[in-house]
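Per-chain residue numbering starts at 1, and chain names A, B, C and D are given in the order in which the chains are listed.
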Amino acid sequence: MPLLQRYSWYHTMLGMKSSKFLLLLLIIYVSVNLVFAGIYYMIGVEHLAGIERSHNLKEFSEVFFFSTQTFTTVGYGRISPTGFMTSAVSTFEAFLGLLSFAIATGLFYGRFSRPQAFIKFSEQALVSPYKEGAALMFRMAPYKNNLLSEAEVKLTLAMRVDENGKQVNRFFTLPAEIDRLNSFSLSWTIVHALNESSPLYGFSEEEFTYTELELMIFVKAFDEVFSNTVVARWSYVTQEFKWGARFSPMFFPDESGRHTVLDLSQLNSHSAADIPVQRNAG
Amino acid sequence: MPLLQRYSWYHTMLGMKSSKFLLLLLIIYVSVNLVFAGIYYMIGVEHLAGIERSHNLKEFSEVFFFSTQTFTTVGYGRISPTGFMTSAVSTFEAFLGLLSFAIATGLFYGRFSRPQAFIKFSEQALVSPYKEGAALMFRMAPYKNNLLSEAEVKLTLAMRVDENGKQVNRFFTLPAEIDRLNSFSLSWTIVHALNESSPLYGFSEEEFTYTELELMIFVKAFDEVFSNTVVARWSYVTQEFKWGARFSPMFFPDESGRHTVLDLSQLNSHSAADIPVQRNAG
Amino acid sequence: MPLLQRYSWYHTMLGMKSSKFLLLLLIIYVSVNLVFAGIYYMIGVEHLAGIERSHNLKEFSEVFFFSTQTFTTVGYGRISPTGFMTSAVSTFEAFLGLLSFAIATGLFYGRFSRPQAFIKFSEQALVSPYKEGAALMFRMAPYKNNLLSEAEVKLTLAMRVDENGKQVNRFFTLPAEIDRLNSFSLSWTIVHALNESSPLYGFSEEEFTYTELELMIFVKAFDEVFSNTVVARWSYVTQEFKWGARFSPMFFPDESGRHTVLDLSQLNSHSAADIPVQRNAG
Amino acid sequence: MPLLQRYSWYHTMLGMKSSKFLLLLLIIYVSVNLVFAGIYYMIGVEHLAGIERSHNLKEFSEVFFFSTQTFTTVGYGRISPTGFMTSAVSTFEAFLGLLSFAIATGLFYGRFSRPQAFIKFSEQALVSPYKEGAALMFRMAPYKNNLLSEAEVKLTLAMRVDENGKQVNRFFTLPAEIDRLNSFSLSWTIVHALNESSPLYGFSEEEFTYTELELMIFVKAFDEVFSNTVVARWSYVTQEFKWGARFSPMFFPDESGRHTVLDLSQLNSHSAADIPVQRNAG
């Protein structure tokens, strides 16, 4: 299967960083005009009215600027095509220029309007005291001025286990205490109780440290600004689990003391658990 | 987390009022051209063919107009670049101009095509006599020429209650008598019966006046014009509840007397209930 | 509520016929340029280089063409602004022109890309013999080169009935024998059996003729070309029900005799039922 | 029903190959300008300033280039309209040019942004040993840099069977062992066990070869790049079923030996089953 077919340039253009994207457009713009300038130059400078004859480089730069004025359809007209060939090429260049900007328009709009879930996750997942036992917890919060509703979260745990002497990956779906929110506008702490039905039930701190784990999170929500479903993914690996800690509050009274504000910078803030994490298993 | 990253300028541009949005575009247009005019002016007016030499201000205004003619790609050509630097800058400006209008195109389309639920809610929620008891009622109606189908409504009540001497917020999901409509094109009265299963069961007029309440409404529907799911939110707080009133009809015969029309201005129209609101609790 | 707010011009533009839409754009184009021509004319023709002084009408037409050359950013330059005011107005006009075409681009795209279910319904709904009894049947088929999958249909019957001497409208949801199709690419005959659970059970031909009925159909499907959910609505009223008829086949062998083709023109084709419609009730 | 109405030109433009689409645009561009050149030529070359009078063909080509400079809004101005008719036509042409590029912009964007499921299917479906019996298996994998989640697959089998001496098509929904994936980023082998509940239960190799079968596959997933639901269809007919084979692995260690990579070219790779396919029926 040819690489070109396996590679969606549109997807790539959409995912590219803004600065890189703009630079790419500029490079294409200059390159295309260099090519056209070359063609006009080869046809002959004498077929362009308005160019003063001088040394080669100056003439080429004049031809280049004529090309850009054609490609962008500025067309000042100080320099203009007179011969048939030059006119024909500029006819094609103006057409190509407009199509290029049509494509650029589509790319810009595609980039802007691409629905994305702007959700930030805590850097760590904590094993915290919870009810009579313990729970795995992590936090997430939307961080842009968009509105998420009907959010739902799915947790999958990949664990490397020894089975008959062979290391194999096992996958488990982990239930969360609350896995659905009608409105997701503030922080949301996902809690997976480490009870009998959890594959992590009875894990000690050491087991959390040495077992190869990956907790994969899939969040789906309806973004009211885009009026579209958006999804986000995140994952925590073994080193990102922290035993015996509790998330600290993220809400603080504002300066006036009358309102409560969410401090996003505290998303990962936690402290050692005040009581030991009681292992559920005896 | 840097502010810029937390702030989606596209979301902002989409949510902005039309007049403000157009003004902003105009300001950007003038500013960018002032900057370019400054650059051309610094390079030297003598590199622009067609400008009559006169006093500074007049020259600058000529340069400014040359800049706008380049940015918009009008390019009359009365004034045109001759020197290398001036030509190079105008080459870049025309490119920037086209990209700017490409972005503007995307923004306009994004603003138009953003699916929105154009639903108007009654200003008040009424506590009306209903069956043998009472019910909380409010009305809503779509107010634009769009078609909503498969509408559903979700009610959440936030109530400030005293629990062991502490004021806490409690959230309840309130069922509605009809919470789903196949076709939502006229007014829809949402009815939450204040029966035994309601957290507001047995509330007196005083309790409705003094308890801190917020009834949050979430409506979701499929808009057939946008072919997209749209959502609307609304809420009623304590002062917006009205005890012992009934909504008045919104449908009236038209002038010919043969058709019935919905009068949207009557959405909130209500009168005192003819019979007292019977408190459900004894 | 002001009319303007109740009226979505974007929805209107999207729903408008193509010919009307293009005519409207042309009218706007001419009108705007007449206004700008008026402004330039009032400022003074002498501020436009290249206009030969002659009688008023000719001058005005020259100014008008200058305006269109500015609005469309053609800018030949034979006529070009010289004075400050004229230049400033043309600066604004070129800006406005580009924004207008940006908006037009959005409208065109909105019109094209608006997902629509191109489904044609039979003109009549038939009461046909079915199993041991009778059934209400109608047909529908997609008629454009699009692909519908996961189609579902919902039937609602509105019937005017006499209740305690008052004429009231009653609504019933009618089940269909098959109300869901994985792939809806050919014709689909919807069958509602007139059995005991149907509100139309035991209706005679006369009752079908004299009862005020409206069968409302709501079809929802996923269009694979638009990758979007599309909906279609249709309805049959009393006069459009036909007693004792059967739909004729819509599939015929093609000229080569080897393939079967769907003949859309036969969508409504039916013949008298070969056996009498047996009234289900005794 | 007129053909034009049955034919969605927008759908056609979206489905067309890129090369064909661009060629079509170019043909339209040249044709429209030939028509306008004809109109200007008939009005008279003398109404265009800047054209040197010469022989007919040269004059026509000059008029043609003036037309393209108007249509693309380049407007160098070396040639410019002077008479009323010529000016009026060019006013209309520039308008038409901009609208055409507005439409082209919409088409480009429609083509790019059209959500598509880029999924490749194995060329054959295998009848492989499975558990104690056999199973029908095929493989699929996404082949572009997009992310699919919440994938689900539906299998429908069409079989030509003899019923009372008549050949009829029967349709069956086949269950798959796993018909849903939270994340579909690598290959996915769909397994339909040929057990008692399968309509293919007890089929011998001969029956698989001679029965007219078509296995239709419908895949639906959420594409995270487009944030949209996408669908793919595929089907296997009798000749594409292969008895007694097993799919070979598609995952191989990379050069460094530390990572595992998916080799898409192996999607259809299979070998003869090591054990005979045990017919489930005795």
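The definition used in the following text is that contacts are C-beta pairs under 8 Å (C-beta built on N, C-alpha and C of every residue); 3 or more make two chains touch, one makes a residue touch a chain.
Bear in mind that the values here come from a model prediction, so they are computed numbers and not experimental data.
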{"item": "Most widely separated chain from chain C, with each centre as the mean of CA atoms", "value": "A"}
{"item": "Proportion of interface numbers common to chain A and chain B (over half same, under half different)", "value": "different"}
{"item": "Between chain B and chain D, centroid-to-centroid distance (C-alpha), Å", "value": "37"}
{"item": "Gap in Å, rounded to a whole number, between the CA centres of chain C and chain B", "value": "26"}
{"item": "Junction residues of chain A - those touching two or more other chains", "value": "69, 73-77, 105, 109, 226, 228"}
{"item": "Residues of chain A that touch chain B when the two form their complex", "value": "22, 25-26, 29, 33, 58, 61-62, 65, 68-69, 72-78, 101, 104-105, 108-109, 112-113, 118, 120, 143-146, 149-150, 182-183, 222, 224-228, 264-265"}
{"item": "Of all residues in chain D, those that touch chain B in their complex", "value": "73, 75-77, 105"}
{"item": "Touching residues (chain side chain A, partner chain D) in the complex", "value": "1, 5-8, 10-12, 14-15, 49, 69-70, 73-77, 80-82, 84, 87-88, 90-91, 94-95, 97-99, 102-103, 105-107, 109-110, 114-116, 154, 156, 216, 218, 220, 226, 228-231, 233"}
